[in-house]
């Protein structure tokens, strides 16, 4: 198929040539983000030592005494450039430092949390792609008909519903009423389904409309009409000329959806007690756990850039006109 | 089998296309016998394309049709377009007028042709018994063969935005033709093609005919109608003015319009009086040793030319030889690989203008024509009356301007595009097939207008045309791009 | 599937379009929501902060159509004030993300080359900084304040518009229609207005419309992690999370801000379904 | 439709369970690290780690790792006799040296041991000796605190960081996934001791703790049968679980009081009449009823009845009386201004109220208080931040008012906590800028007497309570009740009023 040709030796080289700068850019962006986080966290009002103490010992045990001990232990009095240069030099050795709250290596913590988050996000993405664009295309085939109206109402409903409420409804339905899936937690078999579905439905709400609008445009295009008049059945025309042209804007929108995904992940991880990086990030910010914030942001940033590079590559693959 | 009555492949009875209460095509009746041909000649904007769409059953939502249409004896109400849709590709296929827009921008040319073979073609062996893969590779092979037959082998793996206007025309034709439907409606299949390519298209049509395919061929090329033979109908202003066997009608046209139409064939245009070469006229632009290639495909190399004020230079060469590319280089829209383009100093930014080969692609699709023209007039402080006068001379009714670009006929839009450029009084006009969508009569008038205006203002014209007669009648000089890569400049006569 | 091509509107009509029933209902919904948000606080003269602890979670009645919240405050009054604040905050942050975002996207597509590369890298960097992180960090500067949330949400949102506009304009700007206009001497503004906007606007509007809901939800996400507006300011997003615990005892409470958002968004989407419906 | 009748009569699939024999405990607490000072309490609750001493439900000291204890006549030398023959989960012996190492480590870190002025820690044979510089009666209670937990030497790495949890309790760790989850299993041979008539075959062998931060989720876990014990349920969840076929509810008063900490050094709050006015405007019962669904939880004094020795039933309760509150403010010179906010000498009566989100009821109560204070002409700005803002604000002197929940059962004897809160300089979670010498003196006297000498010190306690009630350096708002949902799959559950243990070793499968 076309994909094979796209990935053939020569275009493989081209792909590599296109990806290498992106990789470099990713590294730069990640460094920038890490450093930016450092400064922002440093500049925040409030005494870091107290925050860290609260994060470590809990609200019942945070006292000035504990805060002073934390300050001593972590050397928070050091000037900022020393702390930053330490972070940089550690980074050269691929060491992200030690969490100020849990005293565990940041890399280990992230490694531990990244897996569940990735699994959750990927499944959510896949589910949303399965549901959203499919419904969107079907709706766009008959704009104004009942399916169009139904998906409109559905995506508005899903988009107006915060994910914690959506998650709650799903749990009530699937766990409490039907007893079919675990309500929350990470250890139990099938526990990923409800959080992933919660995320996916939120994402699908928008991608459904994007796909629907694109489908309406494609349907009005001369090339789609030509496909029909030259004798392709509607299904064939849709499969060969509709989907690919719809896929381009939907894919372009994927890159944007990632932002929504991260935001959703924070909420969904918390509500479903799913151990992940989003939840950890929020805790790190509250606890002023600078190495952890830097590390998490760095890893997330890297993933973002890489994912975006993939999205761009996919867009170029789908629409040759963008391959300038 | 019912052999009692020789069926018509297509019988149209009292077909009228309405725009609200206004008939755009009025009460047309005709028939195409099985295996026969009906060529539809007629004035640009007379409703030929609408007629074709009405027969297919894919009129725009704002129009409706009345009358009756029988496909291979199967009667249907013209208004009931849906009933004919099931036959698309299998019983009836349509080649739309604007080929470039009809091609899927995201799919290679070869695949767009191949899929017709794979999914539609009745000549394809029964796919039930064949593995899908096999069917697919056979279709691909057929597509490549077909592309080669029209000289498109090099373009097979290109995307539509990478091919020339004439190539798009051929690709769309092949994609339609591949369906092998017993009735084909083809809307201007040879526009913008050089003599060789036209011959190839004709050969394909004749071959199809020999296999029993019936044709309804809309064209402005009188020679095509003549070559196809069969029936001929002439349309003017939405009404059928004359109908009969092609041979007889072409030999002895009865209706005055038909006579004028045939008389306007470029082959019969009067030769201009011999003009003195204008060595003294100012040089507007100069090409020096220009070469251009796309990837491994070299278009031309070492092209040099000078364009003087008031001079018409024709560029000719086979379709895909780089005529449009050369013009684009001259206009600075495309960077040459080597060589220089020099502009006369002191010319304003808008001094170089282009008339697009594909007029539909050159207008903002969602802006009514009147508004885009008004914007232009306002921008440059031009007199609106002058535009109206130009349009009137090209027989464009002012009411048309209230429509969107896609709501006027191809020829109408082409004339509006020309008027838009002439109004600017540019120093140089790159006219890329400016009359490809016009009937001979209009073509003659429009071409005359173009030359007259250019001479009056002193514009240099770089005219791309495939028609040797036009070159002979209009051009002062001629630049030939040949596929071999050399190009030569010579006098037109 | 077989009816796919039944109503192929290959070409549509120019000139004034008649409004469909869907659009009318969209307009009505939108007017209702906007009226509720703008006039509600003036008409309902109950103080949204006035609490009567004894009447906590009281069920709706004629006098109080939405009952009382967990602190015995009038839900209707809070909803009206919340709608006003949330919708204006959402509008403000979405517009201040959409306008510069689209402009920068245009600029990148227009200039190409280095400008584009630098802008794209900038957008990547912003995208890489999780929006929530940005908002949380900003919010830490002024807990309970209004501007950090606004700035944070806008900052996180603009990239969306940037990416979409850049991708689409790149293709459009390379098209013959734009080339023709440029040759005719039209300036950037005209090209944007007549060639780009008509194609981009529907897509942008979809983003803006969902972005509005997204901004309100972002507020609720912030409320969820404990960063929100200062009490007792009523705000739809924060109300959703505050009222969540009572979803069993008083489901109408948490449903009402969701419903306001739902109706507003539905109104917007219906209203703009212009020309899309056959 | 979502709310009711959800579970009754439905057949439930059991995919949700990690295994039928796994007891799942859910609570809001995250494991912030392995060190006992951080999440030691969770390992204690799951009965993995032990302390030298234990307490019973009444707060009386009980032997644990130490079997007996005594104090010298001058109160300066404490001797704890260590039990012999105990083993850690890794099989190594629980030697006095290893215990000493743990305690010395605890002393070097933030934690309760620093409350006592310890001069030396040493072992003499099987006895641990603690030498103090000043008598400190509550010392044995410090050794019940989780920051003094005993871990095996193998738990530490060369730098003294905790790298594994190896304790001596009836359960040992099977796996830990910070910060969310850990799993324990019963140590062979530890069943013997548990309750009379217990069926050895039915005791809980494996259990896991999952940190689930939202109360709604914990409730849903119980309702779907996924969790067996759920702690820290909020009032709406309690309502939801009240007639659940899957679980029953247990509850107990905990010595935790939600209070308003006032900066008595602030010009607006220095006047005791202002503090009283604030107290008078608080509708405690209303707040308790509306927000906690239990009107009895309105705090009529600082210490709840469950702290029997400190709760004074005879004390005149704190009341609500807006009239009186207003006139007190009038007397203090605060006159209503045109905008409803009182003024004195051109100064507006505007204050910040700092609180935090870790306990979800706090922002709610703060919002309620804000409105109540508005009713008497005080403009209050609620600042919702982090728990550490309160000690930090105390230290910097910037704090004006704070709403916090203080756990006086942190140590089973509150004296040590009160010393922290109402010492001469006030305390992070107690008085601030309060000019009073009597309470610190009384507390010092109490601290000097051994804590288990029950009758002693009653007079001091009564005086302290009365003084606090009168002077209001902190204003009690509501008390707290711990509610726990117990699945019907198990029986024998009970709540530890000091939140030290979930008592899973005495649970049995039904």
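In order of appearance the chains are A, B, C and D, and numbering begins at 1 in each one.
Here, contacts are C-beta pairs under 8 Å (C-beta built on N, C-alpha and C of every residue); 3 or more make two chains touch, one makes a residue touch a chain.
It should be emphasised that the depicted structure is a prediction, and the values quoted were computed from it without experimental measurement.
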Of the pairs A-C and A-B, which shows more C-beta pairs in contact? A-C
Between chain A and chain C, what is the separation of their C-alpha centroids in Å? 20
For chain A and chain B, let me know how many angstrom lie between their CA-based centres, rounded off. 49
If you average the CA atoms of chain A and of chain D, how far apart do the two points sit, in angstrom? 38
Rounded to the nearest Å, the gap separating the Cα centres of chain B and chain D is 86
Listed in rising order, chain C residues that touch 2 or more other chains are 5, 8-10, 12, 226, 244, 247, 278
Multi-partner residues of chain A (at least 2 other chains): 46, 164, 168, 222, 225, 228, 233, 270, 286, 319, 321
Overlap residues in chain B, where contacts from two or more other chains coincide: 58, 85
Each pair of chains that touches is included here, namely A-B, A-C, A-D, B-C, C-D
In the complex formed with chain D, which residues of chain C make contact? 49-51, 53-54, 56-57, 70-72, 143-144, 226, 228, 230-232, 242, 244-249, 251
Sort out for me which residues of chain D touch chain A in the complex. 2, 6-7, 10-18, 24, 26, 29-30, 32-33, 35, 37-38, 109-111, 114, 147, 161, 177-181, 208, 210-214, 216-217, 220-221, 223-226, 356, 358-359, 385-389, 391-392, 394-395, 404, 407, 410, 420, 428-429
Residue positions on chain C within touch of chain A in the complex are 1-5, 8-10, 12, 20, 22, 121, 124-125, 127-133, 136-137, 140-141, 156, 159-160, 163-164, 167-168, 170-171, 174, 202-203, 206, 210, 213-214, 217-218, 220-221, 224-226, 237, 240-241, 244, 247, 254, 258-259, 261-262, 265-266, 269-270, 273, 276-278
Any idea which chain C residues touch chain B in the complex? 5-15, 175-177, 179-181, 183-186, 190, 194-195, 198-199, 278
Give the list of chain A residues in touch with chain D in this complex. 46-47, 50-51, 53-67, 69-70, 101-104, 109, 112, 164, 168-169, 171-172, 175-190, 270-273, 275, 280, 283, 286
